[in-house]
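Starting off with a structure, shown below.
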Amino acid sequence: MVDGLVRAIGSGAFLADDLAVTFGVLFSAIWGISALYALVTVPSDERGRLFAYFVPAAVGGIGVAFAADAVSFYLCFALMALPSWGLVTHPRTAEAHRAGTAYLGVTVLGEALLLAALMLLAAEAKSIHLAELRGALAAAEHAGVAFALVVAAFGLKLGAIGASGALPLTYGTAPAGAASALAGATVKVGVLGLLRLLPLGEVVPDGWGAAVIVLGLLTAFGAAALGVLTTTPKAVLGYSSASQMGLVLIGIGAGLADPAAGSWAIAAAVAYSVHHGLAKATLFLGEDVVRHATGHFRRLALAALVLPALALVGAPLTSGFVAKYALKHAVHDAAGALPHLAGTLLSWAAVGTALLMLRFFVLLMQEPVDQGAGTVGGAAAPRRAAAVLWASMLALVAGAAWLWPAGWAADAAHSAFDPTSLFAATWPGLVALAAALLARRLARGAVRLREGIVPPGDLVAGATRVVSAWLAPVPAPVIAGGRTRATGLPRMLLEAEGFWTVWAVAAGVFVVVAVVLVLVAA
Amino acid sequence: MRDRERLLAPVPVLVALATLAVVTRAVLSLPRSAEGLYGPVAEAAARAGISNRVTAVLLDFRGYDTLLEIAVLMLATVAVLSLREDPRQLYRRLSERATPVLAALTRILVPLAFVVSVHLVWIGSSQPGGAFQAAAVLGATGILLSLSGYARPQWVGRTAMRSILAVGLLTFIGIAVLAMVAGGALLEYPEGTRKTLMLVIESLLTLSIGASLASLFLSSASGDSERDGR
Amino acid sequence: MTVWLPVLLPVLVGVTTFLLGETRERLRVLVNLAGAVLSSGVVIALVVRAYDGAVAGSSVEMLPGLALSLEADLLGLLFSAVATVLWAVTLVYAFGYMAHAENRARFFGFFALCIASANGVALSADLLGLFVFYELLTLATYPLVVHSGTDEALVAGRRYLYYALSGGAALLLGVVWLYAIAGTVPFTPGGALGAVAGRTGELRAIFALLAGGFGVKAALVGLHRWLPGAMVAPAPVSALLHAVAVVKAGAFGMVRLVNEVYGPELATSLGVAQPLAAIAAITILFGSIVALRQDDIKRRLAYSTIAQLSYITLGVALCSPLAAVGAVAHLAHHAVMKITMFFSAGSLAETHHIKRLSALDGVGHLMPATMASFAAASFGLAGIPPFAGFFSKWPLGAGAAESGQVWATLLFVTSGALAVGYLAPFLVRAVRPAAAAREPGAESDPRMLWPIVIVGALSLVLGLLAGVPGSPLDWAARAVAPSYAGWSPW
Amino acid sequence: MSTTVLYPLLGAALFALGVWGLLARKHLIHKVIAANFLGSGVFLVLIGLAGRTAGADPDPVPLAMVLTGIVVTVALTALALALIKRYYSATGLDTLEPAEEAEQ
Amino acid sequence: MNLVAHLPVIVIMMPLIGASIAFVAGPRRAPLVTVATAVLTIAPVAWLGARVLAEGPTRYEIGGWGGPLGIVLVADGLSAAFLGLVAIVGLGVTLYATGYYRVATGSRPGPGHGLYWTLWLFMWSSLNALLLTGDVFNVYVCLELVGLSAVALVTLAEGAEPLRAAMRYLFASILGAMTYLLGVALLYAATGVLDMRMLADSLGPSVAAETGLALMVAALLLKTALVPMHFWLPTAHAAAPSPVSAALSALVVKGSFFVTLRLFLDVMPAGYLGGADVLIGVLGAVAIVWGSIQALLQERIKLLVAYSTVAQVGYLFLLFPLARHGGEVLSAALLGVLVHALAHAFAKSSMFLAAGVTLKRFGHDRIADLPGTARRAPVIAATFALAGVTMMGLPPSGGFGAKWLIASAALASGEWWWAAVVLVGGLLASAYMFRLLAVFMAAPGGRPLPVGGVRTLRTEWVPLALAAASFLLVLAVPLVTRLAEASAVVAQAGGVVP
């Protein structure tokens, strides 16, 4: 076991199974384009500092897809997560540092849970290869604990309910390129982790599947609710990521609940990861382009943004529709009441996402034009390049639906044309539109409602503030030396000795001792 | 301290009574008659040819005790000598008191005392007498001489005086070691020589002890010197 | 006979340093460095021999029926190698750090004596020898703690003595009692108390005494208060002694006690291992949490040491083979990482008079190399691969899980998180733009910088080379394997 | 109550008196006298017990011990007196502990 | 005449003759004579030790009169060890005194009109006599000799304080001696024998004999200053000139302890005095604690060291309660006490000599006002450090060996509390020793810098040598073991197997 652990490091056990290739391609695409975008938009003096953190994060982010054993996985996971702190705190404002601390806290906790899970499983499987760990999970002596640890570790990464505040915090302050990478790639590592470790499609102690589904549902709807009420466009996108990941959790939960639905669950998770990754990255880049654009270019950009938004909602002919198709199949195949309930709720989740997208557009339009160096009017060259990069992302998102490698994707696309699924895909959007219009009229007066009442990061930000207040460093205690005069007990002892050595007493004591000795001897 | 004084007043009496009780109990428990070492001493003394058994025990059987005893006396003398203050002041005060009557008395008494001490040493082996009694007489003559001004106190520090003081112990050790060289154990006088050797020891001892007693008196008779502790 | 060299050589160096007096600087440097390098050479030679099974041993008759015997087994050599090699590095650092301090002859003399006693603790073949050198270590360290002579140092020294000597007394009582009922107890992997295993009551009391005695230097909670106080000593002392030699002697004692005196089976059957594990766990949490709140840099590192030391105690007390391997490996890894941190703290204090965390802003730009090494050590301490710390934390956690004590795995992991908690502020502040105006580019004195960089790099290299035979992890595996019947690390 | 019991008891009484004197009396000369009492008490015990022999004259060994004891006591007394004289000339005190009000 | 047979006598007579010659030779040549005598005495002592190791205990009948009449000198392992101790420490003190007094009094060699040397040699010879005598009455005479010379030596210091201390010491020794003599009188009356070996054979359950022996033991305890009868020691040892206090603490105290050892082990059968030996053990334990606490509170170095003697003497008396168990426990405890006596003597004498030099160089020995001595007088600081380690009983010093043996004997005998007392004593000792060392290590800071003084080789290096001896004593333990085995009592108990 030790040498196994040891030899693994030496050889750096990495492999390229199909899961690794898919995620590898996805991650390298997103990290690549984000890097280029950041290169173009970030002013040159800060560029050195940004890329000092960006490069290791990118290497970790891509490497993690190919890791085959626990140590390499954990190594890449850490290599991706810790430098990202630098990306979050790049603008060096007080708010950025607070967000950085919160991010660090959540990440470290996530890593700790992951490490614990890996250790447990490694001890159980007597080896450190992920495949064997995955096999050992179900039958492990402390299976429950291990399962909880795995779900918690990757749940934190996905922004599951409770921690969903972490995502908006992370993306709020990161520069555009970095935010798109973080939102697009690093979140998906959570999904990859779950796929690597959870034995989808195998017999699993009952209750696990249900738990994940419930978690997924709560996350989907909770995050959506928070997203609608939050204040900044990037925060809305953060919450929407959390909500989308909730859907993925539902899929995985279904896969766990019923082995039959295992293959579809994996397909759904992968599809969602790819679709959401691309769409969310585009949205973030788009948000930045829009903020820096003016006049008709701004209107054109806004219009273009509608495409990824629609994809997220799962409109027909978009990658979202394909992913949702796979998710529906996973949910339907799984037996049991809970999966079916989840199936019906899926469409309502789409409503949530649509509402989020509307909220996003509303907030984005209110954003003042950022006169910063990157405005279209100003140094035109970098902005134009940024726009071109963004356009390429748009193309990817649009094309994703068609050039999907997986076999089943073809009949998914065809199903777009039969009326029932067409209707199923569009009604959530319409309902969301109606609800939004109604809300605007009702809350005309309440400016605050428009402003949003939930600060980005809600629970997590609050916890960080409390902890850092408690951690206010305590100065070292100063030790006062100095002599102590003989008072109290010492004085008493000295006087006792003084009395003792008075001649009469002393000699008397000697004779008494002599007499006592004689008596004792008798 | 006042109340502590009253509290402790009866303690010495109680302690003394306790000692008395303990010793009495021991004495009363002893058998009424016990031979002790009377027999063996009598027989050994007869064999060694010494009539006075106590002298035999003192000088022969437990001679080592006597040797150490002489060492004690000499040590005391040395100690008192080390305690004496500056001898010069001593001389001035003593000589002032010398009166003609005292001088005349000294001239008569000293030779007489000398003869008496020699006699005492000689009869010591058979009747009560011996080194210590003779030394006492010699000591007294020494004091008389210094009081009458003939002997000066600062002589005490002199080499001559010191050698007289030491000669007693040195000869005793010398003879003891000689006995060893002559084949026996320490203090094992060779046959027949016991009487003469004992006499030699006795006489030199008398000289030393007499000098010691005199110097004990002289070195501390410093009169009322000022109280400057040195 | 060579087994005595690692102990006698430093003593020789120490005595000559005393005799050389204060002024002959160059000669002192020469003698100390030569001594250190020579001792390291000897230790490494012993290691090579021990690797292929030849265990050298020799003993000297001290009291009738009681001999002071040394033995160069792998476990002992690991600690001895750590102490001796790091001594050489610390010497270079100390020459820089103490460049303008006074009483240097006395300092370097006692420094060498400390290493001699540490080697003695490492290489002794039985409890008596361990105790003798354990007490000598206290004696040799005291003058270093009170080196500056200020009132604060004296108070810290006094407290150090109270703890160390009462620990020593408990240890003596334990050892005497054990020798009274079990005769001389040589260290035998897997336990040496088979004959008297029946007398459970006495054995439990003796274990408590011995664990208490070692616990003082291993800074278990309650017995730890002397360590933060001892930070008043000069940096090389805090670095080598209070991170490597002295505190590790306590932890090393625990390893010997559980693995080679009582043996894991007897320790668990007597039910003494679990309470020890509990105390160690509490210490880990206590140390980490208190470390979070310390503003003074060295005190924060001291509390971190308290926590990390109990990794070793807990690892051994779990009585699981893999955890024990992790514990012994951690003994070496932690030494390297913590010494880097103390070196950096010392150099910060010496070059920029920064002693408090809050004054640390922007120091990363001023002393890039120092802070880089510090960062490497911090990542290692937090147990992040590929740094060395991960490769002792992983076996610890996995070992705990393997023996069914999952709570221990969770504890190791949370304390790793807490470690990030109390180490991140260093890096976060170092990277910030320099707040106050500071002399630009004043990196520490080269004699201080090179040791920092070397041990910093070592924290990474030991991690990367964890697989290579001869690395601390592999070394620990071979040292611990015999204590667990039928378990092999491969 | 034959003499072999009476004299030792008298000796014991003398010894007790000596102990009392040494403890109770403050003046140094009194203490030296008490010390001599101690000595003579012991010697009386020795001689008294020596007389228990059946024959006319007593057992010689205790007698020799007494003789040696006397010489030793003389030596001790001489030193004590010289010391008291020197102590007096140095401090003007004639007791061991100075009078209460003077010090402490 | 084969010299070897007369070794015990030579060992006693040599210093006695030396004393007389030194007395006659006068103040100027006395130091030379004394050094010569010291060197000449060491040779026979060593030779005697070798002979005892080779042929076991020997008896020497003085005047050829064996049996009850004559006095017999007994030289066994114990006495050889103590003689060796007296010789080595004696030589050290003599060398130190030659340096110490030349420095102190310029031309005038030594106080008391140059009689220091004679008194010192008298004390040496009386100690040798005391260690070799096998006759109970002869012990009385030797005790008187030792007491007298000790008192005389104490008076040699300047000022009034030594005189009062000497006075108290004198009265205490008179009271002790007379009680001892009374004890001998009763013992002789009961048994009719004075020789120790014959006493051992003829000791019956007679009240007089028990009372006699009890009184003798009480007197010896007073002379060894076992608490509560320690009142005379601190003032006397602190007030005396430092070479004298070194001799007093290291040797004189051990002399009377040696006789107690003889009485308990060779003369009286086990448990003869009933609970007396346990009572003595308890007093020993009290002595350790009380002495150490008092030492902790003292302001002056010499008083601290004197009270430390009171404490360390307590260890010696822990032997008696353990001796009851006989056999293995007795031999281990006896060896432990023997090693402790040696280690303590070396350490204590080195500390007093070092204190003397401190007094000479800094003008005072108030602990609080001696900061930074380690920097100004490193040799003195090193001496106190080494001696301190032995007092604390930290390994690998001789003190540790003693504590280990006593503790393991106690544990083996089942009376574990004696082991606890030994450990507590060690801790308390470290308390007062480190208090002293801490001040030495302190930076001079604002406090007044001590006055510099003349440094001579002898006064500095002799204390260090003695301290080193106490430290390295552990290497000599095998030799001491064989000496202990050569003692009569251990031979009966079947050798030393701790």
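Note that the chains are named A, B, C, D and E in the order they appear, and that numbering of residues resets to 1 at the start of each chain.
We take it that a residue touches a chain if its C-beta (ideal position, glycine included) is under 8 Å from a C-beta of that chain, and two chains touch if they have at least 3 such contacts.
All of these numbers come straight from a predicted model, not from anything done at the bench.
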Legend entry - Path length in steps (a step moves to a chain that is touched) from subunit B to subunit D: 1
Legend entry - Chain at the geometric heart of the assembly (C-alpha centres): C
Inset, instruction - Name the chain pair with more contacting C-beta pairs, choosing from A-B and A-E. - result: A-E
Inset, instruction - Name the chain whose C-alpha centroid is most distant from the C-alpha centroid of subunit A. - result: B
Inset, instruction - Measure off the straight-line distance from the CA centroid of subunit C to the CA centroid of subunit E, and report it in whole Å. - result: 43
Inset, instruction - Mind checking the centre-to-centre distance between subunit A and subunit D? Centres are C-alpha means, answer in whole Å. - result: 101
Inset, instruction - Go ahead and note the Å separation of the Cα centroids belonging to subunit D and subunit E. - result: 28
Legend entry - subunit A and subunit C: spacing of chain centres that average the CA atoms, whole Å: 38
Inset, instruction - At least two other chains touched by the same residue of subunit E: list those residues. - result: 137, 141, 144, 148, 151-152, 155, 159-160, 163, 168, 171, 175, 182, 186, 188-189, 207, 211
Inset, instruction - Among the residues of subunit B, pick out those that touch two or more other chains and give their numbers. - result: 11-12, 15, 19, 22-23, 27, 30, 34-37, 41, 57, 62, 65, 69, 72, 75-76, 79, 83-84, 229
Inset, instruction - Hunt down the residues of subunit D that sit against at least two other chains at once, touch-wise. - result: 15, 19, 22-24, 45, 49, 52, 61-62, 68, 72, 75-76, 79, 83, 86, 90-91, 96, 104
Inset, instruction - Just spell out which pairs of chains touch, all of them. - result: A-B, A-C, A-D, A-E, B-D, B-E, C-E, D-E
Legend entry - subunit E-touching residues of subunit C, taken from the complex the two chains share: 61-66, 68, 102-103, 106, 131-133, 135-136, 138-139, 142-143, 146, 148-151, 154, 157-158, 161, 165-166, 168-169, 172-173, 176-177, 179-180
Legend entry - Contact footprint of subunit B on subunit D as seen in their complex: 2, 4-5, 8-9, 12-13, 15-17, 19-20, 23-24, 45, 49-50, 52-55, 57-64, 67-68, 71-72, 74-76, 78-79, 81-83, 85-86, 89-92, 100, 104
Legend entry - Touch list for subunit A against partner subunit C, complex: 1-3, 5-7, 9-10, 71, 74-75, 78, 82, 86, 92, 97, 100, 104, 108-109, 111-113, 115-116, 119-120, 122-124, 141-142, 145, 470-476, 478-482
Legend entry - For the subunit B and subunit D complex, residues of the former touching the latter: 1-2, 5, 11-13, 15-17, 19-20, 23-24, 27-28, 30-38, 41, 53-54, 56-58, 62, 65-66, 69, 72-73, 75-77, 79-80, 83-85, 132, 216, 219-220, 222, 225-227, 229
Inset, instruction - Spell out the part of subunit E that touches subunit C in their complex, as residue ranges. - result: 335, 371-372, 374-375, 389, 392, 394-396, 400-401, 403-405, 407-408, 411-412, 416, 419-420, 423-424, 426-427, 430, 434, 437-438, 441-445, 474, 477-478, 481, 496-498
